[in-house]
Amino acid sequence: MSSGDDVDIQSHIKVYMMVFASLAVLTIVTVSASYLDLTSGEAIFLALVIASIKGSLVACFFMHLISEKALITWVLMLTAGFFFILMFLPMASFIDQAQIG
Amino acid sequence: MNAHSHREESFFRKYIWSTDHKIIGLQYGLTALLFLSVGFFLMMVMRWQLAYPETPIPFVGSFFGEDGILLPEIYNSLGAMHGTIMIFLGVVPLAVGAFGNYLVPLQIGAPDMAFPKLNAASYWSYFIGGVIMMGSFFSEEGAARSGWTSYPPLADIEVGQTIWLIGMVFLITSSLLGSMNIITTIVQLRAPGLTWRRLPFFVWTQLVTSFLLVLAFPPLEAAAVLQLMDRVAGTSFFLPSGLVISGEALAVSGGGSPLLWQHLFWFLAHPEVYVLILPAMGIVSEVIANNTRKPLWGYNSLVFSVIFLGFMSFVVWAHHMFLTGMGTAMSSFFQITTMIISIPSVIILSALFISLWGASIRFNTPMLFALAFLPMFGIGGLTGLPLGIAASDIYLHDTYYVIGHFHYVVAPGTIFALFAGIYYWYPKITGRRMNERLGQLHFWPSLLFMNGVFMPMFIQGLAGVSRRLWDGGLEYAHAAGVLQWNEFMSISAWLLGISQIPFIINIFFSLKRGEKVDRNPWEATTLEWVAPSPPLPHINFETLPEVHREAYEYSVPGRNRDFTPQTEPKKG
Amino acid sequence: MIDILRDLGLPISISSNGPVIDETIALMHWLMLFLFIGWGTFFIVSLVKFRKSKSPQADYIGVKSHISTVFEVAVALIEIVLLIGFSFPIWASRVNDVPTSNEGIIHVRVVAQQYVWNIHYPGPDGIFGSTQSELVDEVSNPVGLDRSSFGASDDFITINQLHIPVNKKVRIDLSTKDVIHSFKLPELRVGQDAIPGMSIPLHFEATMTSNQFLKKMVGTPREGKGLEISCAQLCGLGHYRMRGYLTVDTEEEYNDWLSLQAEYLLEDNEEDEWGDEEDW
Amino acid sequence: MEIPYIVDERPDTGIYNAKLGIWLFLASEVMLFGGLFSSYVFLRLGAPVGAFHEWGQELNIPLATLNTLILISSSMTMVMSWVSLKMNDFKKFKLYMALTLLCALCFLVIKYLEYSAKIHHHIYPSTNTFYAIYFTLTGLHGLHIIGGMVVLFYLWVPGSNMWKIKPEQFTNRIEIVGLYWHFVDLVWIFLFPILYLL
C-alpha cells in the first residue's frame, strides 16, 4: 500500500467529487438527449458516447486505472480486444447472413 | 493461511477441506480420472449399439431399458454426456485442475497458490457440478440429449437440458476461479530469479490456458443463462417465430435466433479445445526435454507460438459454423484465421521434433507416451485442415471425419500426454516410481487400440456417414460400404478399456510397492525436483528456492553432470 | 489421391460442383500426407539414431540450421494457395451463383421437420403459394400451404421424395419447421444446415441419373441402393432415420413424374402423395 | 513460509496478489456482460426496425434515472470509505460503508417497484425479446448488487475486526471490494441508456 500523505489524499477527494458531479450531470444530459428529436442512429451514437465517457470516468478515477500499473493495463487491453471481437462479430455475421437468407 | 502448517491437522482439514494446493491437485486428479472412466464407460456402451444395433447389451443392459436394448433417446443422452464428461469433467480438470494446481506452484518455487481458499472453492464447485451432471442420469427426465453442443431449438425443447445447464454454471464457475488463481500465482509468486525467460514451458502453457478460460468461459455462461431463461421463463432468445414442433405451433413470442447460441457457444468452445491441448503440449515438452537430455529446441519460438495460439483461438470459432448459411466475407475471414492458427501448432510440433535431433533418448514409459503424442496429435491436427477449408468442409462437416479429427487430438493426443505426466510426476507425488513393465504393458496396447478405434472414423467420414447416428449408419445407403468398420472400432474400444487395467493396477500397486526414489529421480532441472518427494505440506520447500539459470540446462558442454538444476548458482 | 480416397470410401461425385470439392479434398490430403511422411521420417530416424545406447551423450545445441522455418513458410504458402485458388472461389460460387430467375431451372422448397423432408414443388406455374405456420396439419398439410394464395392451386408436396432432372440447374430453398437439420446429398457434395427462422438457398446440378448411378454400383456393397438425402445434424431421437430419397431422372422421366403428381393432386387424394418407402 | 505479496506489492509487478485477482475477475465479468450485450445487439438487429424502441417505451425513465444517480452516489461513498481508511479514520469508514449499503438497498427497492409494475401490467420476460433481455440483464445486474451487498456487509460489521490486527490488509480488502462495486456501477452506466433510452 503506497499511502501518500494527507495533502495528496485531500486532492484525491477533490477529484472524486468532481468525477461524481460530472457523472450526475452526464446522467441528466443523456436522459434529456433521449427526448430530443434525433434519428435512431444519432440517438444510439450519442447515448453510447455519453455512456463511454461516464464509464471511463468511473474506470479511470474511482477505479484509479489512470495511475494503475502496466500489468493491469495490459490485462484490460487484452480483455477489451476480445470484448470488441465479441461485440463486432455477431453483428458482422448478421449482416453477412442477411445477405443470403 | 500457513500459520497452522506446523500444527497437526485433523483428517477433514487435511484431506477434504484442504487448502494445500497439492491435496487439491490430487482431489482434482482422482475425481477427474473417475469421470474419465465414467465417460469411457458410456462410450463403451454406445459402441455396443453401434457394432450390434438393436441387440441387448451384455452385463449392463438392464440399466438402459427393459430388454437391454439401447433406445435412440438414451443413445443421444449417452453421447451428449460422453462429450460433456470427457471435456468438462475429465480432461480440463485433469489438465488444469490437477496438473496446474499441483505443479505450477512447485515449478515456480512458491509455497502455495496465491488464493488457497479460492482454490478449495474451485474444486468444490467442480465437484458439485459433477454431482449435478451425474445426478441428471437418475432424474425423472434423464440426462441431456442434445449433444454436448446443446444447439437450440432442440436443446430448448428436449428434456434433461435444464439440469445440464445448471451443472455447467457450476463447472464454469470452478474453471474461472481456478484459472484466476493460476494466473495470479504465476505472475506474483515466482521465486526470486525466475524471470519470464527462465519459466518452464509447462508454466507458460498453463498461463495461456488460464487466460483462455478466464476470457472465453464467461460468454458461454451468458449463453447458458439465456438458454436457462428460454427453458424456465419462457423467453425466446434462441427461438424464432413460427416454429411448429410435432404438429403444434410453439407458444412463444419468437424473435430469437438459434445462431446466437452457436456464436456464443463456439466463442467458448474453440478456445476450449486449445485448453485441452496446451497443457498437454506443456507436459510433453517437459518430458521430452528431460528424456532427450537436451534443452528444448527454440524455447523462444515455443513461447511465442503458444501466446499467439491463445490469442488467435478467439477469432476462429465460426469455422464450426460454415454450413449455417454463411456469406463469403465471414467464411473467408474464418478460413484465413483457421489457417493462420495452424501455423503455430506446426511450429510447436516442429520444435519438439527437432529437439530429438542430437539427443540421448531414454525410452521410459513417460517418454513413450510423450513421443506417441507427437504423431498422434499430428494426425489429429492435420485432419483439422480439410475441415478448416470451407470447400472441403461442405462435404466433411458433421461426419465421422470430424469425430476422427478431434479424437486424435484429444484421446491419443491429450490423454496420452496426461498419462505421460502421471508417470513422470508420480515419483514427486508419492516418493515412488511407477512400475516400468506395467507401464509398457499399458502403453503399447493403448497405442494400438487407439488407432484401431479412431483411424476407421476417417474412412467412414469420407464415405459421408453422419455423426450421432443411433444405428451407426445402418439406415443409410451411402454407409453400406463402410459399416463393417463399426464392429472393428467397437472391439478396439473395448480392448482399449482392458488396456487401462495395467495402469490402474500400477497406480495403486506402486503406491506401496514402487521403487523408492529420492527427490530427483529423473535428474531433471526444474524447481519441483528440488522439493522433497512428496513436497512438504503447505510450504513445499524447506527453504525458498532461488533461481539462477534457464529451465533446461541439460548436457551443457564442459559440465561434469548432464543436467544443471535451475537453483545451482552460477560460478564467478 | 482421389482414387485412394475413393478406395477408402469417398463416393463418386455426380454433380457439377462435385469435382472441385473433390479436388480440394484431394489436395488437402496430399498436403497432409506430405507433411506427415516428411516429419514422420525425421521422427523415426531421430528415434533410432539418438537412442541412448547409440548416442550416450546428448548434443547441447542439436540442430543449428533453421531449415524448419523454410518448411513452415512453405506450409503457410500452400495453405494460401489452397484458400485463394480453391476454397474462396468455390464458396463464392456457392453463395453468389444462386440462380435468381426461374428460367430454365428447377426450383423447389425443402422444409425439414423432425425426421422427414417435405418437398414443396411449385407446380406447372412455377410459383410457390404462400405458407403459414398456423395452417400446418401434420397429415394433410405438412408445410402449411395456403391453397387459396396466388399460385398455390397447382403446388404439390411430397414427403421424403425429391425428384430432379439430370443436367439441369436446381435451386432449393431450405428451411425447417422445428429444429436444426442438415440437408446433405453425399454423392452430390451438397450440404447445408437448415436453420429455424431462415430460408437458405442452395444450388447444384446433377450429372448422372439414378439409373446410371445404380448401374455403377453393381458389385459394390451399395448395389441396389440409390441416392438419398441424409440429415447431418442431431435433431432428436429419430435423427438416425431421417432419410429422404433422391431420384435423378432423365428429362422425360421427370416430366412424367410431374404429370403423375399433377394427377394425384386432381384426385385430391392426399394418401397417394406419400411416396413408396423403398422406391428410389 | 507465508504466501508472499498478500499485503505488499511485488517489486517487479508493483501490485499485491488480490489486486491482480480482482482485475482478472472483472475481466471475466466484462466478457460475461459482453456476451449479453452482444446478444442484445444480435436481437435488436433481428427485431423489426424500431421494435426495440417501441417495446422499451413501457419502461419508467424517471425511476431509472433516479436509480442511476443512486448507484453513482454509492460509488462515491464507496471510494470515500476507502479514503477514510487511508486517513486512518475508522469511524468515517463505517459511516461511508453504511451509506453505500443504504444506496444499494434503495437501488434494489426501486428495482423491485419497477419489476412489480411490469408484472402488474402483464409484462414478463416471455413477452418479447426486448423484455427477455431486459429482465435478464437487469436481473443479473441485480444479483451482482446483492452479492456485493453481502460482501460489503461482511466487511462493514463482522470483518472489520481485521482493521485492528492487520490494517493494511484490511484497507486492501476495501479497495478490492470497491473495485468490484465500481464495476457494477459501470455496467449499469451502460445498461441504463441501452435499455431505457434507446
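So that you can tell them apart, the chains are marked A, B, C and D in the order they are listed, and the count of residues begins at 1 in each.
FYI, contacts are C-beta pairs under 8 Å (C-beta built on N, C-alpha and C of every residue); 3 or more make two chains touch, one makes a residue touch a chain.
The structure presented is a predicted model; accordingly, all values stated were derived computationally and were not measured.
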| item | value |
| --- | --- |
| Chain of greatest Cα-centre distance to chain D | C |
| Best-connected chain pair, where connection means C-beta pairs in contact | B-C |
| Averaged-CA centre spacing for the pair chain C and chain A, given as whole angstrom | 48 |
| Cα-centroid distance, chain B relative to chain D, in whole angstrom | 34 |
| Inter-centroid spacing, chain C versus chain B (mean Cα positions, whole Å) | 32 |
| Between chain D and chain A, distance of the C-alpha-averaged centres to the nearest whole Å | 14 |
| Multi-chain contact residues (two or more partners), chain C | 95, 195, 198, 200 |
| Residues of chain B engaged with two or more neighbouring chains | 187, 215, 219, 257, 259-260, 263, 267, 324-328 |
| Residues of chain D touching at least two other chains | 13, 15, 20, 24, 27, 30-31, 34-35, 38-39, 42, 46 |
| Residues of chain A defined as touching chain D within the complex | 1-3, 6, 9, 12-13, 16, 20, 23-24, 27-28, 30-31, 33-34, 40, 43-44, 47-48, 50-51, 54-55, 58-59, 62-63, 69-72, 75-76, 78-80, 82-83, 86-87, 90-91, 94 |
| Of chain D, residues touching chain A in the complex | 7-9, 13-15, 19-20, 23-24, 27, 30-31, 34-35, 37-39, 41-42, 45-46, 50, 53, 61, 65, 68-69, 72-73, 75-76, 78-80, 83, 86-87, 168, 171-172, 178-179, 182-183, 185-186, 189-190, 192-194, 197-198 |
| Chain B contact footprint on chain D (complex, rising order) | 1-5, 10, 13, 15-18, 20-21, 24-25, 27-36, 38-39, 42-43, 46-47, 124-129, 132-133, 135-136, 140 |
| Footprint of chain B on chain A - complex, ascending | 71, 78-79, 82, 85-86, 89-90, 92-93, 96-97, 99-101 |
| Footprint of chain D on chain B - complex, ascending | 1-2, 110-112, 114-116, 118, 176, 180-181, 183-184, 187-189, 214-223, 225-226, 229, 233-237, 252-253, 255-257, 260, 263-264, 267, 539-541, 544 |
